[in-house]
Amino acid sequence: MPIDFAVDENTARFAERVREFVRDVVIPEEQACDGVLHDGPEPLRQRLQRAARDAGVFAPHVAPRWGGAGLDLRGQAVVFEAAGYSLLGPLALNIAAPDEGNMHLLAEVADERQQHRYLAPLAAGEIRSCFAMTEPAPGAGSDPRALATTAVRVPGGWRIDGRKWFISGADGAAFAICMARTSGVPGDAGGATMFLVDAGNPGLKIVRNITTLDEGLFGGHSEVLFDGCVVGDDAVLGEVDRGFAYAQVRLGPARLTHCMRWLGVARRARDVALDRAAVRSAFGRPLDELGMVQQLIADSEIDIEAARALLWRACWELDQGRPGAQETSIAKTFVSEVVHRVVDRAVQICGALGISADAPLSRLYREVRPFRIYDGPSETHRWAIARRASKARAALR
Amino acid sequence: MPIDFAVDENTARFAERVREFVRDVVIPEEQACDGVLHDGPEPLRQRLQRAARDAGVFAPHVAPRWGGAGLDLRGQAVVFEAAGYSLLGPLALNIAAPDEGNMHLLAEVADERQQHRYLAPLAAGEIRSCFAMTEPAPGAGSDPRALATTAVRVPGGWRIDGRKWFISGADGAAFAICMARTSGVPGDAGGATMFLVDAGNPGLKIVRNITTLDEGLFGGHSEVLFDGCVVGDDAVLGEVDRGFAYAQVRLGPARLTHCMRWLGVARRARDVALDRAAVRSAFGRPLDELGMVQQLIADSEIDIEAARALLWRACWELDQGRPGAQETSIAKTFVSEVVHRVVDRAVQICGALGISADAPLSRLYREVRPFRIYDGPSETHRWAIARRASKARAALR
Amino acid sequence: MPIDFAVDENTARFAERVREFVRDVVIPEEQACDGVLHDGPEPLRQRLQRAARDAGVFAPHVAPRWGGAGLDLRGQAVVFEAAGYSLLGPLALNIAAPDEGNMHLLAEVADERQQHRYLAPLAAGEIRSCFAMTEPAPGAGSDPRALATTAVRVPGGWRIDGRKWFISGADGAAFAICMARTSGVPGDAGGATMFLVDAGNPGLKIVRNITTLDEGLFGGHSEVLFDGCVVGDDAVLGEVDRGFAYAQVRLGPARLTHCMRWLGVARRARDVALDRAAVRSAFGRPLDELGMVQQLIADSEIDIEAARALLWRACWELDQGRPGAQETSIAKTFVSEVVHRVVDRAVQICGALGISADAPLSRLYREVRPFRIYDGPSETHRWAIARRASKARAALR
Amino acid sequence: MPIDFAVDENTARFAERVREFVRDVVIPEEQACDGVLHDGPEPLRQRLQRAARDAGVFAPHVAPRWGGAGLDLRGQAVVFEAAGYSLLGPLALNIAAPDEGNMHLLAEVADERQQHRYLAPLAAGEIRSCFAMTEPAPGAGSDPRALATTAVRVPGGWRIDGRKWFISGADGAAFAICMARTSGVPGDAGGATMFLVDAGNPGLKIVRNITTLDEGLFGGHSEVLFDGCVVGDDAVLGEVDRGFAYAQVRLGPARLTHCMRWLGVARRARDVALDRAAVRSAFGRPLDELGMVQQLIADSEIDIEAARALLWRACWELDQGRPGAQETSIAKTFVSEVVHRVVDRAVQICGALGISADAPLSRLYREVRPFRIYDGPSETHRWAIARRASKARAALR
């Protein structure tokens, strides 16, 4: 099979529908909430998801069995980028974080009963979920092995204790997937287990919603306390002590789907800037005929194309059933930095307008910054990329 | 006189008082308003300015005749940086934009009567002011000669008509200094006049307060309409048709005082990051012992030192009574980009904390972005810098 | 057909043969000439090409009819990168500039007779050629339309007059493809014609060989004078006045094959640095465990992967029969800058060794710099990229 | 004493003489040697130094007692930059590395007898010298404590054994200052001693002259072997075991004088590019009116001004008698990177001319690259800068 950059027809048609849907239905809704979703506006979510279902673009990533289109990662790359053109797009298609990643995880790891109970309503947009892994220092952060939350055996189940923060979508979630240590001590490479914890559990408390630079994630980011939180044996997701392995199952693709959505954001910013540069003049010429502005425009074109190519490359790798750890790290690091640069350039091209709420750019500017930190900061990825490169080279010597 | 980087004793002592004042009085006030000053919290302003007066650090830039310490620009560079360490510091010392620049302009250009009426209470912090120059496209923006607001002769005075936006501090200001075209057409290099317009004038209307990425400027940025706004002959600041020249009188130093204050912001971000990097560990070592973090730290050290050196250089130039246009453009461009980079690196070092409101960084991140656009976008300055360099070289050929 | 990054088996096997050939045969020859090919060492060229023929890796890009493997651009991308791992590799495979591009041009545009006379021996490595387009200022440079060399009708043919420079491989070439203006004036978008000029023509003079930073191109770069150079009608390549269009036929793929070869250079530099970083220690640890070095390593990994992905993307575009002007410009600009950065980082990692001739890096460092200028400087490409982006966006408004 | 950027009159006049001397005498000599000094052309050196003496600009850094002008570091900063405008300038003024640094070291550390024997003829340009510290891996490189060369007591003196490389100016030097370990083992922070070794010593052998990217240092860089090299007690420079401390005495100022000379190179490259951009057109306009070229020009202006300001800052610090380790590291790191960027941009602006020997840029491009490695690679300096910043901040907590 030769190198091929063609998008298959089915995906291309799906993406075209998404593009129209975003343009005609989603973007007009943006003004209502100004891109702020941290307080979890349920009516908006339901309205958008109903419209997406009507437009035939709902849940493209989910297996047909659960009502989706079953696109592989390459197909998702094309469609999610189209959806990400509006900050509300992923919410509408039910492909926003963390639900999208949780659906993937449940599809891969959950048993039949758990899938019916959790995956089915999640895929249908009836409920929301969260993924409780990150902890305040000195717990699990850029180094997941520092996991400090514990789960100990109690009769008929487990008792979970620990503090989590930056748990996206926790406020309003019907259930949490909680990562807790069932053996070993913080710093050990193994010993983690995933638990499904229902929102009603008295041992699960939302301490506060954290104010952050970004405000576009539905339900925001919460600090969550597991305080003597008792769950049954049926709450174990997959097998005991295999949590870190499952986290990789979730995180690899989740990093890429993040990239897809954010690439849509970059394209949006680019288009806003191009539209502005065509009509705004300085020194007697349209901005887009001034060399320094052309340099900003060209750099963003190059950045976006390179980001997409790396992203597709990583998706292809995972679609072949390979782990693709290096490709995923490279794509995540590069795309997250590209998205920031593209939005920053768009702001600069638009000048005062770019930093005012009269254009969507200042909102996008706030939203994209954390992406260089979420899902592994660039430094952690670079460290891993360098180590793998050194190892790969050593194997050839 | 040899090259000398020593700060004179008087300034050094003043700066030390400011540092203590910021640490002990100003920073504890930050939480109250979370750095948001766009809605112009008067009680806070008055409380802070009273405290600054008590601490002997009020209005360091104003001539002793008007109650200040009469520091030259080099002295201001040292003191304003110390004040800028908190976003509230400049407000407390009455050295925030746009009042600080307006005081300078009035001291240079206003007649005795105007100085008593406008400068005296402004220097005392009794009133606030604004500077109404920037216009929506296609008016005066990065190219000031595009000025479209007009002032035409009427019996006993002038009638001003035009729309301004991004007029900082307009909401609540006791008077505006309005730039209007009294001869020529938009695009002409001359023909502007400055007018002092009192807040009560029925022809002066605040249309709206613009929502912007930054929120730390007292009173925010407004859209302002001059609609058949009639003023007397005594409202003319300086001479008719010399407005562009006066704008340079104001803008040169104002660019530098902006740099001074923002350099304080950069130092604050740097310190927050260093404090975090000393106590947060990853992979078994404190962050500040990890090479990639050390690179971020070192790059910010270099950036800050270079920014300060260029800033002092430009201040010295202006203190010698020279225009220093090239030095000012260079300092403004470089410092504004340094400040952005330093805050961005600090956010990255602090990770999730850096983008949450638990640390001041996400606030600073929002505040500093517009600085690469305000007071002339980097592109306009680079264009001017290149032209001057080409001309200077041609003169030697 | 879905997005696919797999290399087809035939190409993969060919590339593997090339890798072995470069490692076992070509690299050992490097010391002999220290990478310097400007003086055109014929015995080395013949020895290498014979060895390549023996290894079954000669002329992979040429149609089977002329003795090659007929790889499309995607196949060339894989194979040329493998060959580029040594500066001598492309020479050995007969895929070095400018011959490789000339073969492509002749295959596309020359008539049967011309192909037998020029293409056949060129493809067989029996002769060499050059492409005479670039002129000293104010002639054809980054703006080809400035073409000043003229060809005027004389009985039975044409007389060519003009000065060319940076004509790679001219010294020792059996023929030149000369670009001359047959109608219009410098600055016009059309009016150029290509002529085949034999080396023996008394009107074709090599004025001098230009000393340049790079020294790895066989035969170097010459200044060439067409001085009353008379050729017959059969010297016209393709049709009169269509020279600019043919230049695009040549330049598009030629830019990409340049990128392929240089990507091999980047990989070589990367490997040299990784090998060094594994054995050299500082402060008690191998270099490749120090964070700042890891950052250099990771950045080069990301750069190389992104460069290759963009390159393949552009090759695919051209293989579909589309012009791919935007994709080609993007790939050329990005790859040329990546190659520079990767070599520069490798030099830095290797320290004093990196700048000495004990390692190949200082040679590579010199060779890669001009690539950001040759084949259109980055600024010209960025200008074109921006204009196309603006136009594409305008078409959607 | 207030912040002051004025150059005192005496220095300004000296610098003006140097500028004229470089323009009228030195630059015309450039063509003769094409900037290549590695083979140590003695007649050229003597001719230039005689001319410098005639012009009253010889040895500005040396104390009047030894025939110089006794400029402090700030004065040297101004004068050396003027001399560095040509690669031959420092040679002419006898302020080239390594002699200039050795003169400083001898003036500070040598006893009266040693000064008469070594410093006097060195300052007069009668002889040359070298500084033998750097060793091949795993010896003293970016980490000087790895010093492996040993000196052991023998009757009446010491026997030195060890291998050095990158010993600049060794070929033709009348004496070497050799750094050898007199106590402890490689890795220890102390235990080094400096020895004065005459060229005739049979234990001192020049193994080879290393081919390097740069070729502009008089005499080049040699690999040197100390092989049972016996010296008397009077060969000890300063005190036994204090060599590392003396190295700092030499290296601090030597880093800055390097920066001064290289800043002259940057200015030269800048001027060549400005001259070219004024006369070369593209797309119908002079290059210096094209936005992207203006950006290159402006960035170099900013870079040069920032580099000079940081350099002066560090010089002032050392002139106050303070160690200035942080200021020196910051200046060295920043200036070395600026010089590279400025030359690189100049090459890009000049296009094909920039990489040919028809302009001096390709020579400068080769010369400046090693400066990011010599005198401590940027990474080592950044590591030190970060550590000092962390410590300084910790002291305030």
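Each chain carries a letter (A, B, C and D) given by its place in the written order, and its residues are counted from 1.
We adopt the following convention: a residue touches a chain if its C-beta (ideal position, glycine included) is under 8 Å from a C-beta of that chain, and two chains touch if they have at least 3 such contacts.
By chain, UniProt protein names: A, B, C, D = Acyl-CoA dehydrogenase.
If you're wondering where the values come from, they're calculated on a predicted model, not measured in any experiment.
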{"item": "Chain pair with more C-beta contacts, A-C versus B-C", "value": "A-C"}
{"item": "Taking each chain's C-alpha mean as its centre, the one farthest from subunit A (Acyl-CoA dehydrogenase)", "value": "D"}
{"item": "Chain centre separation in whole Å, for subunit C (Acyl-CoA dehydrogenase) relative to subunit A (Acyl-CoA dehydrogenase) (CA means)", "value": "41"}
{"item": "Inter-chain centre distance, subunit B (Acyl-CoA dehydrogenase) versus subunit C (Acyl-CoA dehydrogenase) - centres from mean C-alpha coordinates, in Å", "value": "52"}
{"item": "Multi-partner residues of subunit A (Acyl-CoA dehydrogenase) (at least 2 other chains)", "value": "290-295, 379, 382-383"}
{"item": "Parts of subunit C (Acyl-CoA dehydrogenase) lying in touch with subunit B (Acyl-CoA dehydrogenase), wherever the complex brings them together", "value": "290-295"}
{"item": "Touch list for subunit A (Acyl-CoA dehydrogenase) against partner subunit C (Acyl-CoA dehydrogenase), complex", "value": "1-8, 11, 74-75, 77, 270-271, 274-275, 277-278, 288, 291, 293-295, 297-299, 301-302, 305-306, 309-310, 312-313, 315-317, 326-327, 330, 333-334, 379, 381-383, 385-387, 389-390, 393-394, 397"}
{"item": "Contacting residues of subunit C (Acyl-CoA dehydrogenase) [partner subunit D (Acyl-CoA dehydrogenase), same complex]", "value": "134, 137-138, 141-143, 165-166, 187, 210-214, 221, 279-284, 290, 292-293, 347-348, 351-352, 354-358, 362, 365-366, 369-370, 372-374, 377-380, 382-383"}
